[in-house]
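Right, I'll just put the structure down here and ask away after.
Should a chain be cited, it is by its letter among A, B, C, D and E, assigned in written order, with residues numbered from 1 in that chain.
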Amino acid sequence: MNTSKIKLNTENIVGIVMFIGLFVYPLFVSSYQVLNLSYFLSMVFLSMSLALIWGFCGIFSFGQAAFFGIGGYFYAILTMNIGISAFTPVGLIVGVLVGAAIAWVLGYFMFYGGVNDVFVGLITLCLTVVLETFMGQTAGSEWKIGEIGLGGFNGIDGIPTISFGSFMLTGINFYYFILFILLVVYVGLRYLGISKFGYTAIAIRENRERTKLFGYNVPKYQTTIFAIGGGLASLSGILYATWGSYITPSSFGLTAATLPVVLVAAAGRKNITASVIFTIAYYWFSQSLSASGSEYALVILGLGLVLVILFVPEGIVVALFKWIDQLVFSRIRKKPTIKLKEKEKVHGHSIN
Amino acid sequence: MLKVQGLQSGYDKVIVVRDLNIEVQEGEIVSIIGRNGIGKSTFVKTLMGLIPSTNGEITFKEKNITKLKAYERAWFGIGYVPQGHGTFPTLTVEENLLMGGSINKDRKNNDLNLVYEYFPKLKDRRKQKAGTLSGGEQAALAVSRALVGNPDLLVLDEPTEGIQPNLVSHISDIVRQINKDIGITVLFVEQHIGLIQQMSQRCYAMDKGQVVGEIVGDDIKDYSVLKQYLAV
Amino acid sequence: MSIFGFIYQYMDNFAFLILAAIGLAVIFGMMGIINLAHGEFIMLGAYITTLATMAGIPLFISIALSALLVGIYGFIIDRLIISKLYGRTLDSVVATWGISMIMAQGMLIIFGPSIQGVGTPLGSLSIGGENYSVYRILLFVIAIAVLGVIYWVFMHTKFGLQSRATMQSQEIARSLGVNTNKVYSLTFMLGAAFAGLTGGLYAPTMAVSPSFGNSFLMQSFVTVIVGGSNPLIGTFLSGGVLGFVNSALNMIWGTFYGRLGLLIVAIIVIRLIPLGFSGLVEKKLMRGRDA
Amino acid sequence: MNQLKNSNIFLVLTLLLSLFLAACSSGSSASDGSEEKIKLGVLEDVSGDFSLVGVQKLHGTQLAVEEINENGGLLGKEVEIIAPDTQSDNTRYQEMARKLILDDKVDAIMGAYSSASREAIRPIMEKNEMLYFYNNQYEGGVASKYTFATGAIPEHQIETLVEAMMEEYGSRFYTISADYNFGQISADWFRTIVEERGGEIVNEEFIPLGESQFGSTISRINEAKPDVLVTLLVGQEQSSFYGQWALEGNTDIPMATTVNMVQGYEHLRYEAPALANMYVTATFMEELASENETAKEFVDKFYEKFPDDEYVGMEAEAQYSGVKLWAKAVEQAGTTETDAVIEALESGITYDGPAGPVTIDPATHHAIRDVYLAYSDKEHNITFPRKWEAVEPYWLSTEKGVNLAEKDDFSQYTPID
Amino acid sequence: MDTVLTRSANKVSVKSILELKNLGKYFGGIRAVDGVDLSIREGELHCLIGPNGAGKSTIFKMIMGVYEPSVGSVYFEGKDITKKKNWERADMGLSIKMQIPGVFGELSVYDNMRIATQKHTKLAKMDEEITKLLDLMDVRHLKNEIVNNLSHGQQQWLEIAMSLACKPRLLLLDEPAAGMGPEETEFTAQLVRKLNKEGITILFIDHDMDFVRQIAQKVTVLHFGQKFAEGTISEIESNEEVVQIYLGNG
């Protein structure tokens, strides 16, 4: 990570191959498969948002689902009230900004107040459940914002697809639109890893108190990262809402809140590429199980997670990357001979 | 009674204690001296089984205990007073002492009065939370707690840290008293010359994770001999 | 609503919060493990009680059996999975989430979506024209008794002492001869047994299904969050306060606001006193001598 | 160390892969692409919160399709069911609806239990012009070209229920209902109908989904002393109300419902007298077997095929009759082509179901059905004190001017719009 | 207490960069720091000594704002910084090398340096600055090594380099030579002197009196959280009481 050049390692190769694969994928499959994959891809942003704030900055949040839902609802209410399809891209941007702003406020409330670690998880969990509880009971006709009823447990449907002028983002267009944003966000996050900001985030993750002593206003950075994460989660929610023309309070539910954490942890939280790949794989896997109609689907998923955490706790994708790195690239990259000598020296004066 | 041969241990990839050899006879009071940060505490923790050893052998009471877990070593008769006393701050004094009796039944010394005799102050404070005690009282508590387990070997890690000078000699008196009365063998790590001189019958000097010298007899009383191994 | 009515509601709420939370609180407070399968442990307890009662075993013995068997089950889960994750709070979240999926769906596969319930015993008591379920009053008594048992276990038994000490410093406890892994296993077992007890106790009052535990999950988490890490002081105080908030809001504005109120109180408490009520109390106690 | 880690990755990957393959092969085999079969997509919850009813409905479908295939299939072709598990998850409904339509290319889709899941997939059906049967009791009001609802709706259940209760007990109603769309809209229905008939709603309470503790609700009911208590409670958790009511409530007050007993067979799952003194209006119930020969025949067939099942409820019959109605319409149209089948259905087609004839009302796409009033006594014995024949789903057409046979529509109307 | 009068009284004209006034920190029943007054003049090389547990590191932590003092206040360049956040202090020119290495063990040496440097140096000049500092510490060859693999001494140097990257005017070093061999200690001593010559005021803690003797201009002795004595190294070493408490003949 110490040069801005792209290194030849498994993660980068997989990342590039993955994007090429995603780019040509629609050429080979039915429109249904494309539509389906756009759904998986829109959920990838949710995982990335958590990989960013948790993996990069060490902020453990159960609240990404809340921002996901906020984004979806906000986009729905805004665009449906305005009702002009040309407005939808604005709705998308405003929705992301609103998600980020709400995350910023919440982050400010927490990080400047000295709330950290598992307590951030607990606050965000409570908040998510509050939103679910609240939205779930808005079925009554008195719950309306503008023209649009909040719809309670059933949620809102008929959410407009994003369109540029008369150009509607449906089917394959929608897919490439998401893929494009994904590429931008992915590259952005990878770049963040080598940027000044990213280094600060990593420092905060590794040792929050020490980082302060280097002159970093840690709460400010935490709040900013949390806001970006909120924005990304919102983006995910908006894309999801336009994919299904539909959003419900269950996107705030306990299950929805925990799933990103589980995915990112199982993939390897410190690695964005791992989160992307694992999220797609998980959704594909769980959907296939569901489609099979097998009653063992959830048992198998559960078992899989337990096995992963027991045997490859650093995350299964990250472990795979490392393994292939060792297998393939260790020969290419020279093993510094100095290192051995240093080891000797290390022993020479190592003391507690 | 205790024999350590070629012991090696450390943290992660850094080796702190290397090829360390010492031997302690029954009934002795032996000290290990050395400057800050040369691996004394690491050695003691390795001895207690809190840090795994990567090489070497520890024999205690004729038995190889290298592979035993920390609590098994405690059961086997090693009492430990950790650095900084390591009392349980939210437990009461009495509860702290009872914790010393965690080891299996035949070793347990439930009669807290015995330690209260040595440290009457603790009896007055037995219902008080340990965290509210002063440094000296905490040191006394930590020593007493180890005694409740009725150990054969008492291992003290810098017992004088952060306590008043008058208490230092008080504690050293009591430890010697206990050594005499009950015959407990004592091994302690220290850099406080006063305590070293008062207590030790024999002394190992440590540097860079190794024993670099053994001081016996009158040399212990010799200020300059000790001084070369210590801070000043 | 009469005063007695309100007191009854309060007792009811208090008992529910305490019993829902206690197993979770023991495991979280003592081991730092967030057990997302807590609801499923409760559900397992409810199934055991129901099935045992159906098989002709008297209800109260069935409930005790639930506590026992779920405790043993917890012990096995701990040995197989949780013991590998001590000290890794977040990994344990993933693992227990997996366990909860397996348990809920496994129950569905084995027993189907629902089993026949057991009626609530002991009938009701009529005061001033209002009926009060005797069993629910009993639940309150049991909740208090459970707190009493926890007090006794943690304050007056060797296990309790060792486990409190282990919670403060694992290393020192080990060096004093405590097998800390055993302490953790037993703690997890105890937490699981309390969850089983709760399931057993509420089985006669609710529909027994694989999603049985969901009813308890939110309340249990909120109670533990507000209470903090000390399972006794924390659960007691937070049950007391939240029970009041819940029954008062419930009485004035209805069920929804009662529930919303719980969550909002939780958010405020974490922000103001991140360590919860027990953190606050312990801080006060430590200051004792220090003016 | 690294050796060990690598083998761990392999171990986990291999295990997961084999589990996955095992699961997929044990599930219903995917379509083998033969053109000879007619495909019926079924979206029901085999797992999750709603599986109690979902499984009954899936079995209802399987029974109906088996009978059709035994009698030579449809248009000479075998009918194949493709039934993914929607896991009581609305997003899953959407995913699977798209998969059935776009990937499996089914000829019609049946299913969905909660109104939320129906609303999740209905837009997809409309967008893809897919024939969709919602065979389920619900809050009514859906007017959609592609949707046919064969279950009971407020005209069947609420009007009749209010009529019966007012005649028998009085005009002061207290409703408690699940706090979501079904409960809200149904409560609106009760209010509208009760007030139309000169009655009074003394209080309306909405209970959050998943709530299982009813102490304060019960004491409020006791205080209000209504003539009739209407309970529209949904889900496993909320059904805990009855056990608590039996102990703390004033059980002289009769309860009236449209959902309980008929769907979740609470009267069998709860020890008496939890559901004592309760009325429900039903288009079908297992207990009808004692009254009615065709019902008995259906129940017997059901248990013969699914001996481990615990109850044959209203929705199992609705789904069964829905499949049979669709089959009849396909036969009549001579094709599975959607518009033709819709036309056949709109011809006022009738199927003689287990509990009486089920006829499609062309204007509303809802069913004209016989309705029974069921009563549960202290021992949970079910009796049927009253029956209404051929109750019509008139509201959409008379009040809202809906006529789907003439004019397309894609909305859901509610009584207070 | 009234042993050696401070010589700073003679040189009031010299501006003091750091002043502690009646600073105290209590943990439960223990008074780790108990009413310490201390003044460090600009350009000084000042050492804090005292037995284990005398409160030295606690004072450092209060200066940096890691601990909030129970009583008293901290002045830096005449400004009261008692309530300032840690990062504000770092930006004002305060930097620390902690006792337990405050390096990021799982990251590489370069990454560690970058974290410390980027806040205070333009990105374009950063690599240059990092190389300069690593050269100064003689650890440039370890640039890509993961910090956990370094020896204790190397980690100490790395952390000194990191604290220098913050461009401090007052540098706090908590046992900079702990656990180092004679040559390493010598190297560190030279380094500290060199830094001081370049104009950085240095306040450090050490146990090794040889080391202290080599570099300290002034020594403050702490005992039981209180200031016990202050003076030049020779004054301190000739003070019987100090020798007593330090070596514990009491």
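Everything below uses one rule, namely that a residue touches a chain if its C-beta (ideal position, glycine included) is under 8 Å from a C-beta of that chain, and two chains touch if they have at least 3 such contacts.
What you see is a predicted model; the values in this text were computed from it and never measured.
Using mean Cα coordinates as chain centres, the one most removed from chain C is E.
The pair of chains sharing the greatest count of C-beta contacts is A-D.
Each chain gets one centre point, the mean of its Cα atoms, and the points for chain A and chain B are 51 Å apart. Chain centres here are Cα means. That of chain B falls 31 Å from that of chain E.
Note on chain placement: the centre of chain C and the centre of chain E lie 49 Å apart, centres being C-alpha means. Separation between the centroids of chain B and chain D, computed from CA atoms only, is 74 Å. In chain A, the residues that touch at least two other chains are 133, 137, 295-298, 303-304, 308, 346, 349-352.
Contacts with at least two other chains are made by residues 105, 108, 218, 256, 259, 286, 289-290 of chain C. Looking at chain B, residues 13-14, 37-38, 89, 129, 131-132, 208 sit in touch with two or more other chains.
Against chain E, in their complex, chain B makes its touches with residues 12-14, 35-38, 84, 89, 129, 131-135, 137-138, 158, 160-166, 168-169, 191-195, 208, 227, 230-232.
Residue ranges on chain C touching chain A, taken from their complex, read 34, 36, 81, 84-85, 88-91, 93-95, 97-102, 104-106, 108-109, 217-218, 221-222, 225, 256, 259-260, 263-264, 266-267, 270-271, 274. Those residues of chain B that touch chain C in the complex are listed here as 48-50, 69-71, 74-75, 80, 82, 86, 88-91, 95, 98-100, 102-104, 128-129, 131-132, 145-146, 149. Those residues of chain E lying in contact with chain B across their complex are 28-30, 51-54, 148-149, 151-152, 175, 178-179, 181, 207-209, 224, 243, 245-250. Residues 64, 66, 85-87, 90-91, 95-96, 98, 102, 104-108, 110-111, 114-116, 118-120, 123, 141-145, 149-154, 162, 165-166, 179-181, 184 of chain E are the ones that touch chain A when the two sit in their complex.
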